[in-house]
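Here's a structure for you.
Which chain is which? They are A, B and C, in the order written, and residues in each are numbered from 1.
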Amino acid sequence: MSVFIIRRLLQSLMVIVAMSLIVFFGVNVIGNPVDILINPEFDQEELERAIKALGLDLPLWQQYLVFVKNALQGDFGKSFVFGQSALKLIIQRVPATLELAFTALIMSIIIGIPLGLFAGLKPDSSVSKAIMGGSILGFSLPTFWVGIMMIMIFAVMLGVLPSTGRGQSLTIMGLEISFLTWDGLKHLLMPAINLALLKISLVIRLTRAGTREVVLQDYVKFARAKGLSTRRVILVHVLKNILIPVVTVIGLELGNLIAFSVVTETVFAWPGMGKLIIDSIQMLDRPIIVAYLMIIVFMFVTINLVVDILYSVLDPRVRLQDVKA
Amino acid sequence: MSVTSKIELIPELSAEVALEGETSLRRFVSDFTENKVAVGALMVFLAIVFVAVFASLISPQNPYDLAEIDILNGRLPPRSESMSGTTYWLGTDDQGRDMLSAIFYGLRTSLGVGAMSGFIALCIGTCIGLTAAYFGGRVDSLIMRLVDLQLSFPAILIALMLLAVLGKGVEKIIIALIAVQWAYYARTVRGSALVERSKDYIEAAHCLAFSNRRIVFRHLMPNVLPPLIVVGTVQVAHAILLESTLSFLGIGLPVTEPSLGLLIANGFEYMLSGKYWISFFPGVALLITVVSINLVGDQLRDVLNPRLRR
Amino acid sequence: MSVPLIELKDVTKRFVKTLDLAEKIANLLGAHIREEVVQAVDRVNLRIGIGEVLGLVGESGCGKSTIGRIVAGTLSHSDGTVLYRGREVARMSPAEGKQVALKVQMIFQDPLASLNPRMRVRDIIGEAPRVHGLVAASEIEDYLDEIMLRVGLDPSYKRRYPHQFSGGQRQRIGIARALAVQPEFIVCDEAVAALDVSIQAQVLNVFMKLREELELTYLFISHDIGVVEHLADRVAIMYLGRIVELAPTEDLFTRPNHPYTQALLREVPRLDTRQHAFEPIKGEIPSPLDPPSGCHFHPRCPHVFKPCREEQPKLMEIAPEWLSACYLNNGSRR
């Protein structure tokens, strides 16, 4: 157990170090750091001052150490476009992205599990076949295109939902959230469904597979034969059996949702960090790019670590495998 | 060795006939064709490939030849006629391009980029995975760390990182797509190579004093490739989707190489005024392509997976 | 005895699973995780003369295959020396090493797994002579025909794949592949164990015929002592990585010395003595990770007494050409 956690911690540390190296060398070796880190609109004198200030005249390894030191202090430089600290700009956008990601996550559960259960319990009904067909489609649909089509149908043709942007938001405990207002909720609905689509398909498949497995087991058949109501059998056995895999996958998919929010945020002009990074790439706002990459890596590593450790607590088989390997 | 001493024909030789006359290829084909949906998907996919390859021959117009398009024909809805009398079955975009032709050309770019990146990633991933499995030890754990590292991040993020550093361009996006895919191939190859490597025929090859290179490429590799077919089809579908997504975001292909994603992005701004067709039809083409590849891949997996075999 | 073809001197093989960084840190924090060491082969000495058939017998997991691999050069040993015609293999130049590697070939237990499923028979057999330039390209077809006939395969099956053959035929293909590089020594690792009993005899006959025709030397590995009786000139009995008895076949089968050998022989249903009682050796094979002290066999030995637990008995000559490692031979009892 402890070995497992130590190993995962070491791995996480290595990932962060490796990624900082990759980002650093991406900026300094593949690109020209002067281009990347310094505002191209600077004149010669400003340029030289900036080169000195950023330490770009030092040897590469020293520069890397400086980069790491600054990064640890949360200093990734100032955005060319906004003139503010890159880190701060990103942090400001995090709540909007997380709101979207978590809403999508919850949606994928409350839509995916019932559909998956149904498809698992009545595999031969035509509704189930439609559900499974739909889930295959869900894996193949381009998220951004579905987003556009949703806007076309619900905003342009039917006019029932606002097309883009984040609605009215409230500030609670310093966090800006929008799902507590009617306007905010209306704005949130389409982007969240759009982002959730892929995960809904995934949850449907997992739930169905888990349900099939349980339903075919003798004790469930037996319980049914004994006259227990079908409903209770389902609740007690099936849900118990499918929850662990579903919850695990969902934990791991949270990171994925955050990454994919880049697309959804662009389509729906949702003011999260994904939209910010795309805008920054297009405007060559490099300090934000570097900061975003490091923050997202850190977020990912943390999420994966927490999920893995939680999983190893929940399911001892993970640890056994680890010991054997 | 001396001249053969003519030996008596041992009874076993004549008594035991060959057990399986049927070749594995024929069995494979008959298994695959059992699923009619998959066969249909394969047909559709082949048709798409055909359209993509011969786009310049079968398109009603060359959408990127400025002499052939007229901005006055811009944003015409489907089935409208141009001033010169040709019918635009799927309408035109803002520049007056025939959408059908643009889609044909877009398919060519999308499939080309997807197939090219997939193929290179397959080659790289296979070599790396084989190296890891064959040499084991330090080499293996180093490579697998790298693979795990990469697979712990979603593909779109890796591509985003690379494109943020590299910039736009066809070769850049191909590099990004390769970087995204190689690890899947490497992991799959390593997995099956580890199984194969422990089999006696590899030890026999060692005994026969073959070079490492010969053992890896002549003996190990042919036995490791079948599962790659499945990964490969799924990966190409992913690559096509990813490329279109990145192009839609404006960080993928340049405007001079319009793929389906870029066509959809172009139409996006006209969407709000109800001109749906500029985005809609390229998306349908993309969807059909990806679904058909996925269906073929699903069936391939079922056929090649021995556990599901009767 | 003249210079043996193969000689092992104090050959040892350890498989070690080392601790990774995480486990080392865990140990620093107070955990007790140890390296796992399996002593698969423990100071084994063997001399195999030219033209001889040496049987190597022991229960599964005792290290027979490991010895076979070391002899065949597909596995490196941890300590000791391996000599080929009196010369140390590890010190040979790469070119010479390769020549020797070709001279020692191996036949495997599972005939199907030992043949590359994606190669035709002609390539399986013909690849090595072609690659190593043993046969001119123009003569390769005749050469293949000759070898296939020699092992009892119909040369017209050349273009088939391994899965199109029966078990016995597959094993013949494996033999043909080995013969194609003109070896002097063949390691047969449970070469007939996976075959039907009726086919076993046929394949064993092929081995014996080849031995006469080509003056081959064999190391014949088997977990079943019965298989080697009519085949081997001498038999070595192995237990948990060590050789416990080594004797000419007839002596060993008529007057087994080591209690383990006696136990093994008691397990074999024998026609001649009409002994129906089939007595398995009592107890389980101990874990090779943590072998018993002294004589490894002592926890299962019916004659165990004090020294057995304390020190490993030496392999001593108890008669000419007859070695055994048991304290019972030191006089006092029996």
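The definition used in the following text is that a residue touches a chain if its C-beta (ideal position, glycine included) is under 8 Å from a C-beta of that chain, and two chains touch if they have at least 3 such contacts.
Quantities reported herein were computed from a predicted structural model and do not represent experimental measurements.
Chemist: Higher C-beta contact count, A-B or A-C?
Modeler: Between the chain pairs A-B and A-C, A-B carries more contacts.
Chemist: By C-alpha centroid distance to the whole-protein centroid, which chain wins?
Modeler: So the chain sitting closest to the middle is B.
Chemist: Hey, how far is the Cα centre of chain B from the one of chain C, in Å?
Modeler: Centres of chain B and chain C (C-alpha means) sit 47 Å apart.
Chemist: For chain A and chain B, what's the span in angstrom between their mean Cα positions?
Modeler: Roughly 25 Å separates the two chain centres.
Chemist: Quick one: chain A and chain C, Cα centre-to-centre, how many Å?
Modeler: Chain centroid spacing, chain A to chain C, equals 56 Å.
Chemist: Quick one: in the complex, what on chain C touches chain B?
Modeler: Going by the criterion above, the answer is residues 69, 72-74, 98, 101-102, 104-106, 108-110, 113-119, 127-128, 131-132, 145-147, 149-150, 152-154, 157, 160, 163-166, 168-169, 174, 177-179, 181-182, 199, 202, 209, 213-214.
Chemist: Under the touch definition given earlier, write down the residues of chain B that touch chain A in their complex.
Modeler: That would be residues 145, 148-149, 152-154, 156-157, 160-166, 237, 241, 244-245, 248-251, 261, 264, 267-268, 271-272, 274, 276, 279-280, 283, 286-287, 290-291, 294-295, 298 of chain B.
Chemist: Can you list the residues on chain A that touch chain B in the complex?
Modeler: Touch residues, chain A against chain B: 11, 14-15, 18, 22-23, 26-27, 30-31, 136-137, 139-145, 148-149, 151-152, 155-157, 163, 255-256, 259-260, 262-263, 266-267, 277-278, 281-282, 289, 293, 296-297, 300-301, 304.
Chemist: Note which residues of chain C are touching chain A in the complex, please.
Modeler: The contact residues of chain C facing chain A are 20-23, 25-26, 29, 31, 33.
Chemist: Please name which positions on chain B make contact with chain C in the complex.
Modeler: 1, 3-7, 9-10, 12-13, 16, 18-21, 24, 199-201, 203-210, 214, 218-219, 222-223
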